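Mind looking over this structure? Questions follow.
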Amino acid sequence: MSVDLTLDPRIEDLKQRTRSFIDEHVIPAESEIDAHGAGLADDRLAALRTVARRAGIFAPTAPEEFGGLALDHRDQSVVLEESGRSVLGPAVLNCAAPDEGNILLLDKKTTPQQREQYLAPLARGEVRSAFSMTEPSPGAGADPEMLATTATKVDGGWRIDGRKWLITGADGAAFFITMARTSERAATMFLVDAGHPGMTISRHVTTLDSGFAGGHGELIYDHCVVPDSAVLGRVDEGFADAQVRLGPARLTHCMRWLGAARRAHEVAVAYATARPMFGGRLADQGMAQEKIADNEIDIQASRLMIWNAAAVLDRHEPARQETSTAKVFVAEAVNRIVDRSVQLCGGYGVSYDSPLPHILREVRPFRIYDGPSEVHRRAISRRAVRRSESGSLPGDYS
Amino acid sequence: MSVDLTLDPRIEDLKQRTRSFIDEHVIPAESEIDAHGAGLADDRLAALRTVARRAGIFAPTAPEEFGGLALDHRDQSVVLEESGRSVLGPAVLNCAAPDEGNILLLDKKTTPQQREQYLAPLARGEVRSAFSMTEPSPGAGADPEMLATTATKVDGGWRIDGRKWLITGADGAAFFITMARTSERAATMFLVDAGHPGMTISRHVTTLDSGFAGGHGELIYDHCVVPDSAVLGRVDEGFADAQVRLGPARLTHCMRWLGAARRAHEVAVAYATARPMFGGRLADQGMAQEKIADNEIDIQASRLMIWNAAAVLDRHEPARQETSTAKVFVAEAVNRIVDRSVQLCGGYGVSYDSPLPHILREVRPFRIYDGPSEVHRRAISRRAVRRSESGSLPGDYS
Amino acid sequence: MSVDLTLDPRIEDLKQRTRSFIDEHVIPAESEIDAHGAGLADDRLAALRTVARRAGIFAPTAPEEFGGLALDHRDQSVVLEESGRSVLGPAVLNCAAPDEGNILLLDKKTTPQQREQYLAPLARGEVRSAFSMTEPSPGAGADPEMLATTATKVDGGWRIDGRKWLITGADGAAFFITMARTSERAATMFLVDAGHPGMTISRHVTTLDSGFAGGHGELIYDHCVVPDSAVLGRVDEGFADAQVRLGPARLTHCMRWLGAARRAHEVAVAYATARPMFGGRLADQGMAQEKIADNEIDIQASRLMIWNAAAVLDRHEPARQETSTAKVFVAEAVNRIVDRSVQLCGGYGVSYDSPLPHILREVRPFRIYDGPSEVHRRAISRRAVRRSESGSLPGDYS
Amino acid sequence: MSVDLTLDPRIEDLKQRTRSFIDEHVIPAESEIDAHGAGLADDRLAALRTVARRAGIFAPTAPEEFGGLALDHRDQSVVLEESGRSVLGPAVLNCAAPDEGNILLLDKKTTPQQREQYLAPLARGEVRSAFSMTEPSPGAGADPEMLATTATKVDGGWRIDGRKWLITGADGAAFFITMARTSERAATMFLVDAGHPGMTISRHVTTLDSGFAGGHGELIYDHCVVPDSAVLGRVDEGFADAQVRLGPARLTHCMRWLGAARRAHEVAVAYATARPMFGGRLADQGMAQEKIADNEIDIQASRLMIWNAAAVLDRHEPARQETSTAKVFVAEAVNRIVDRSVQLCGGYGVSYDSPLPHILREVRPFRIYDGPSEVHRRAISRRAVRRSESGSLPGDYS
């Protein structure tokens, strides 16, 4: 068998440099954010990015022509996990959602002009972006078939009408990749600049998490007319074209959040080791050992689920099953890990004296964002049933 | 058997009036608090309390001589659960922690003068109070044996020295019930006025939850000398005297938080009923039905665990086993219920458009406050083992 | 509130006598059954029943006119839980399924002649019976709407045709209560004697459990003609009439199996107390304490869920919600308790040196029998949704 | 990164041939075993092994010089998982416990004469063997430090005295590898032939599982004198020498049992696909989809945990952390998978009409055998704490 799970020296080195950067530069900056989750000031972010660029670890997923490292999915798994050990890490390294997924999509689907206009500044970290897909009920949420925003062909372009909701990074984004229905059963993606007539950010949607730059916005498209050149990818092939982004973006979420879970675990183990209790240390109490061990197991299994899906993506297969199973497993494991870490730390764990409340608030929505666990489970089950019906074995692999 | 689980007409009426008050007056006021959890303005709180007094539902646990309803533990179960349907409810009705538990303790352990000076204004809702017990590591937390704050006998009084941490309601409390070690194996409670020389609130400890008036503070006692008349209860019997408060206060937490969980469930069921999905409603999807059903089951079981412990307390038994098992079960069930409700609501559930993020943040620490689940489990297990050793049956009841 | 959860002296006495009988007479007889689950020899069963009759604890649910104790549902909860502490207990006391449920149904729905012919010997413990409802796929299982067995009106009677499957107690039953479709949307119950022409037990279905006298059989009805007098209850009202049996029978399962779970817990606590490990006792290890405490909690919550449903049944309400939530909770709690007990006992727990493998095998199917948890959850959720739609509160009680 | 999780053609071919053999020859033979778990008749086993040898898939872990395939740990992962799809598979292929682990140990630790006398016939499948380690309470169980059996030096050999319990494969084993204390803090392994004077199999211990040839026995060593040549490995280094066997044997258990879980899943998916329910198929119900999806996820994660540990073993590292985390995760995942499969199949799932009751009974003890989950968790936690204390990161990998 060709199973090999070791890191080659180049990526091992990159891992260590990323870890050092996070430990030495990013974690100390966490004191600058408050319990309300306001992020870093712009100049501080810029300063940290300069250090990251010098350290050769900036933009790990972006194309090399724009200064990125262009790591494949497996190597991303290593570096993005390290970046996630601080809630500030991914933004500093320019590998945070939604920009990181948008970079991937733009790299694959843009025209040369779009590439220069949109991808280049995004990959270099000069601007932010948003992916404008989710809609308020009864529109597209877990079920994309319910897409209600429309784009109607007009002379020389398209007129977009509808509402979007929970659009991550909206506030401050330079442009929006907007999914709109262009025929009864088909959709198209459009590149819409911030401030473009007819599109407004109607409000900020405050959420449990606060770690995404630009938060989550509600958008109104009202007679928003864009030129034909705003079409991203192919007309009426928006869902298919967006697949390029879907699986990988889901997986990079897993990587970053696994890093956050590891950080919670590190804090909890250190606390349990230092805390006296019942004549010994907390770390020697059986119920604490159980939590520590389960964290270790969940971290290891999560990492393997990610690597497995990354390896399939690197073979240029769609990896729908592997990214779905990884998403469900990791999203839930990460929440278990953080919950156990909070519990281990007791009062310290629910106080902002520790980083745990921040992490807890960031990871809870992960079981919902990028497809709720339930929707992924439905898809995973349907695939298993189809395999069974066609005479192959559910639970098998290739 | 004498099992009866129906409400008599008087308490049924009180339940309905409390519910109406919460629905009509308190829930609408929730829009006045923000995502950072800042509570109601003082005048708004006062106004709502006036309405509550008129409705005859104010201070359900306080003695009648101070305008309270003096409900027994079982009747409290009904009313406090209703009060908890809004995160603002308990404070409005003056049955929030820690005041509600302190009222009970003061009612049982004060001298006549202390009763007039401390209990009267607290029961009437004129002041707030705090219970100053928990200490920073390596002091008293889950294990009260580790109490590090000392009270040394001085002429005419006691000198208190030490640090307290995570003291709920500290900011704005009129007085503090302070536990301090007065001999190697014994402790004593003292009534310390806010602003008393030698005691300072050194800082506010920001936590995941934000629903307690006055938040959680850190206190320093530095040569804080109080007169002999400040002793609450008996010298060297602080732990025993505090038992009066311990079980019941644990149980009223359960009641209030069960109300919060019910509210989350109500929001989620309404959402699932209205939300179209996969050609039907979300509420018709099997995985949603499972969550709704499990919420119903957890709510019912939680209520029964509370009522069972309340019935034992009403027989004037210490009910340590019953309040411990109720605390563990309800704290965990409530978190499960809120978690499922969030998941049912998807993006809406993690946004402050719904009350769910607030509720989620309030209930998570409940698995830690008033004894972490692990410490209760340890005590429950030790009791079962002692029963087995003495020839009686673990799992039995009387 | 009228909450009262104490036992009156009469039932406390009955509880203690039942416990003593189980401890002194029934548990010792367990050595007579083997790992394959073959039950007691007939003469041994008869001998134990004689002792039970003398002890005044025989047939706790049967009418007094036939020598039973005619306990109400709440009092049954106490006694049947005690009976379940041995897998042999319910059969010895004549309160085992399906006879116990059939006694209840016959007591409510028989004609005087049927009463004498069928109920009398059953209640006295002279014969066994079966409830012939479940069918092989694609017939009636979790979904009774799929009932495929038909009863066609013929001159002077009915001709029954169809197959039944997993009919508990079939082998050796004196008669079968048979559910058959008598019109497109309606069904009728029939009393069919063992050996009646046209009905055969085609085979024994071996199952994981082995504690039901007569096991589980497969039946064939092939031109099985019964007279009009064989109709039990009303024609075309079989489903409605069977409701009399449905909720209570579901609940007595809970009672008996809770007793089995308690027994497992008792064995495990005794083992953990005696077993040295890591320099102490197993019972002092944190992970063991967690299991012991969770067993205590699950036992207490299960008992309360049962008592709650029993109290509603004793008010002559259908208690569909309460018996469904109790069934789901108790079936799953009982399995958790037994699983933890096995784990606590290690190798001893999976060996037939302990009673645990027997208990584990008996309780696993309980999550399926009498309605799988999933079907109950679906019904519970639908009720909650209807309450929400009608403006009342899900999670509420009356 | 060097992550690669594809099978090379040679092992892919071996996988397919093993699967075909199991499907075509072994699964049909399952009808020959009964609910009491009696295994195949000797001649039938011999016949199937002949087919397996011809198919080139016999003894996948044994040295080539004895006709084995000498697969490395990663390749074993593939083949042993396939073998486990039938409870009969591992025995037929001569890769069942305890022989498979004993082959590994003997291959590493025997003298040339021992190799010929003990390893050769075992690897060829001519005899069976046992590993005689576990003792009745208060001896060595989860805590090997409690080893009570002693071996005392006598002239020309050793005298073994003690009791062993739950010794898998005892009945019919040709020889026993016996661990005995040879000094206060050290132990030694001895090869003891069946029938050797002083050693008797005192009884058969009936257990929940019934799939191990020879069951589980209780042994008495009473003045059992063996020659010096019976020492296996080094005197006083028995624990260290046995490590060779410990991790790998734990892992092959995972492989085989993962195969059993997959089989359960296959049966359940097929059933859910065929079973009509509520106007659709069971497989279309949300709660069924959830179970099917969770099975898929658990199977995938289990396989990755196994492969990960196997890869470390193939680098000739002890892999204690990796085999421990794999053991805990897989043992529990496998039980979840089988439990969900049973639940999906309803009555069919608890009847021996399906293979599920057999599988359920086989896998439950796996959470206890080869180290209970709790003991592994304790060790995993202690390693994490030591990493934290030494300044490296818990949750990290290399």
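Just a few scattered comments:
To keep things simple, chains are lettered A, B, C and D as they appear, and every chain counts its residues starting from 1.
The rule is short, and it goes like this: contacts are C-beta pairs under 8 Å (C-beta built on N, C-alpha and C of every residue); 3 or more make two chains touch, one makes a residue touch a chain.
All values reported here derive from a predicted model rather than from experimental measurement.
Taking C-D and A-D together, the pair of chains sharing more C-beta contacts is A-D.
Taking the mean of C-alpha positions as each chain's centre, the chain lying farthest from the centre of chain C is A. Inter-chain centre distance (chain B to chain D, centres taken as mean C-alpha positions): 50 Å.
Per-chain CA centroids place chain C at a distance of 38 Å from chain D.
One inter-chain figure worth recording: chain A and chain D are separated by 40 Å, centre to centre, where each centre is the mean of the chain's CA atoms.
In chain B, 285-290, 374, 377-378 are the positions where the chain touches two or more neighbouring chains simultaneously.
Within the complex, the chain B residues that touch chain C are 1-8, 11, 72, 74-75, 77-78, 261-262, 265-266, 269-270, 272-273, 283, 286, 288-290, 292-297, 299-301, 303-305, 307-308, 310-311, 315, 321-322, 325, 328-329, 374, 376-378, 380-385, 387-389, 393-397. By the touch criterion stated above, chain D contacts chain B in their complex at residues 285-290. Chain A contributes residues 35-36, 134, 137-138, 141-143, 146, 165-166, 205-209, 216, 274-278, 285, 287-288, 342-343, 346-353, 357, 360-361, 364-365, 367-369, 372-374, 377-378 to its touches with chain B in the complex.
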